[in-house]
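Below are structures written as structure tokens.
First chain A sits with chain B, and in the next complex the same chain sits with chain C.
This part shows the complex of A and B:
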């Protein structure tokens, strides 16, 4: 149901140390988030694009993700120019679009896409479980990492229970119509999905305790910082330096 | 000295009837006990009480002759008493088989490399190495059951509590499970409705009668209805 379309490539980006990739994504997106000029944002966009191309992502999922981001941006295009004060660029009937508003939205568009591309290149290129382990290796508290990983798992459990109940309904020839019977059945379906998922979570907790779980985060993942990672770090630092000398 | 013992235990689920009433039981680490009884008589509940996942209404559990009640003390018990639950689905919670098998050893304090080795050894021992990198939620029912057993064996417990281990297993894998058990140096309590299996793997028996745990030397012979759907492939009755 939730696939990780970018996670299983074999480019050199995938082979980089996960901690390094998360660090780079974090630092560069912070830098980009506070950028104030088009040039800065374009610089970031180009850098992110290059890295993304190196990670050789599958095209369709990539377009779908970018579409999702840009739908939000589209709403900004519809609202911000009309509501920002300032000299008007042009008029649409009684609405006037301010020049400052257009400038700002274009900046946001560039920045949003740059950061999304950066995250797809750096972070989406590892499975979620691995991401959690890397965060733990970066000294994030175990509790936080548990929360992340278990939330992710819980979505699957919920979906799984829903599927199971749905199958049971179909086996009993249930067809959803707009009758009271249908609404009652669907209501029960939602309720049961939640109840069963809670039960199931309880049983999983039991199984964890039976295997000696005591609240500490453990993981098989071992992270190694190789020469390739060293080179990448140098390149990233150089890029950062270039950015700050240029702007 | 028994490994663990129940003293005057009573238990009922909230709003449920009394399942166990003032019952006592002691288990020695070398015993091999078959546990049978009708559906819903409280066999799985008994296992959960022993391992501290449920708390008795009254009475207490002893581990090496010490009364235990705290979670920390039960944690020590669970190192030596490995329980494989009835529902294999809920026991595998990592993405891959290898990670799942390494979870127990990691919790016991092994390093990632050691835990990985232990997981691989366990898989090899059970002849399941081909499942090493499979995703746990994509395994078949029988495979899940074997991996659930493996995940407990990877912790190398002293005794095993197995809750209907033969469910979902075909005859070949049932025989393989028997073989695995025969090679182990542990004691066990096995819950099963499969009397042939119990007779082949256990030397003593127990059941729940009138909310009490009862031991018996032999299986009382229940009427043994036995299907031979594959008439041209008969099997021997000893």
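This part shows the complex of A and C:
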């Protein structure tokens, strides 16, 4: 249901230290997020594409993810150029598209895709559980990591639960419309799902206590920084240096 | 409602990140180890709510449920929402690392505020409960829409129209969410009223 199509590969990107990948993704994302020129964004986009190609992602899920990003970008394409004040680039009937608006939206398109591709190449290439352990190794609070891992576990349970209740509704010939009755039914279903999940949490907690859970999160994952990681770090730093000398 | 990466300006990203960090720190401090699992389950509920589509006239929108989360969790809603959004970025590429702070703040701040304001009224039978739960659900979504619009508006004045479209487009969603929240609260009040009393002890 919630698949991780990029997480299980055997490219050298997958073999890199997870901590390093998260660090690189975070630093480069921040650098690109504050970029102000097309050149900077294109530089980032090319770098992200190269890294992504190295991780050999499956194409169909990749396109689906890019669609998720670009729906918001499309919304901006539809609204910003026609409404931004400034000199017009061209006219579409009575609408005039401003030059500054087109410039801004194109910059955003480049940045959004660059950062998202980088994220897919670096972070989506690890299983969520591994990502959590890497965050713990990066000194994020244990409670936060614990919450992340348990939430990840629980979304499968809840989606399943919701599906079951939904099937029951459909068997009773329920079709959701925009009526008060529909909203009331859905609301009751939400309440029921919440209640069941809280009860389920209680049982999980009791089971954990029985197995000697102390309340603290301990991770058994080991991360090793290899020679390959060293080379990648040098390459990433060189790229960063090139970026700041060029722009 | 997730703002994509690369859209917002540096001051907004920094402000959102800092405030979310503070909110999460506060939420985590108030969250003792015994409550992590229930909070995780509710965070997962918030995550899955975004997959549930409700019809609104000719279109449909997904539930958000941040107001309800605010009622049930109080300050713990901050880390719960942050975690759910991080998972949505990982699994669907909605939002991302740099916008996580802003997106969390936009969802969590109205949630906590709406929860805090609505909670005293939720235990009164009848209309007060219905009305406060409705407002809680509605204000959660409307507040998130307003904050999202403000984050866009303060980034660049060219986004002004996009921000307005986003805000007014969410008004019907807010009403639908208010109605769904009101009936969810009515159900919880009947079955487990303790959940609606004090967020730090009930869950």
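Brief remarks on what is shown
The criterion applied here is as follows: the second predicted complex is superposed on the first by the 217 of 247 C-alpha atoms of A that agree within 3 Å, B and C clash if a C-alpha of one lies under 4 Å from a C-alpha of the other, contacts with A are read in each partner's own complex, and residues count from 1 in each chain.
Everything that follows uses one rule, which is that contacts are C-beta pairs under 8 Å (C-beta built on N, C-alpha and C of every residue); 3 or more make two chains touch, one makes a residue touch a chain.
Small disclaimer: the values here were computed from a predicted structure and weren't measured.
Judged by the touch definition given at the top, the superposed model places A:15 against neither chain B nor chain C. Judged by the touch definition given at the top, the superposed model places A:234 against neither chain B nor chain C. Between chain B and chain C, the partner in contact with more residues of chain A is C. Of the two partner chains, chain C is the only one that A:178 touches; chain B does not reach it.
Using the contact criterion defined above for the overlaid structures, shared-chain residue A:218 touches chain B, although it does not reach chain C.
Of the two partner chains placed by the overlay, only chain B lies in contact with A:129; chain C stays clear of it. Applying the stated contact rule after C-alpha superposition, one finds that A:54 touches neither chain B nor chain C. Contact with chain B, but none with chain C, is seen for A:207 once the two complexes are overlaid on the shared chain. Common to the chain B-facing and chain C-facing surfaces of chain A are residues 153, 200, 204, 208, 216. By the touch criterion given at the top, residues 127, 129, 153, 156, 160, 200, 203-204, 206-214, 216, 218-222 of chain A touch chain B in their complex. Every residue of chain A that touches chain C in the complex is listed here, in rising order: 2, 4, 25-26, 29-30, 32-34, 41, 65-66, 68-69, 72-73, 75-76, 79-80, 83-85, 98, 100-101, 104, 108, 110-116, 119-120, 123-124, 128, 131, 141, 143-144, 146-148, 150-155, 157-159, 162, 176-178, 180, 182-188, 190-195, 197-198, 200-202, 204-205, 208, 215-216.
Partner chain A is touched in their complex by these residues of chain C: 2-8, 10, 13, 24, 28, 31, 33-34, 36-45, 47-49, 51-52, 54-57, 63, 65, 68, 72, 79-80, 82-84, 86-87, 89-94, 96-98, 156-162, 165, 176, 179-188, 191-192, 195, 203.
Chain contact summary for the complex, chain B toward chain A: residues 48, 51, 53, 75, 78-79, 82-83, 85, 87, 90-91, 93-95, 98-99, 102-104, 106-108, 112-113, 115-116, 137, 151-152, 155.
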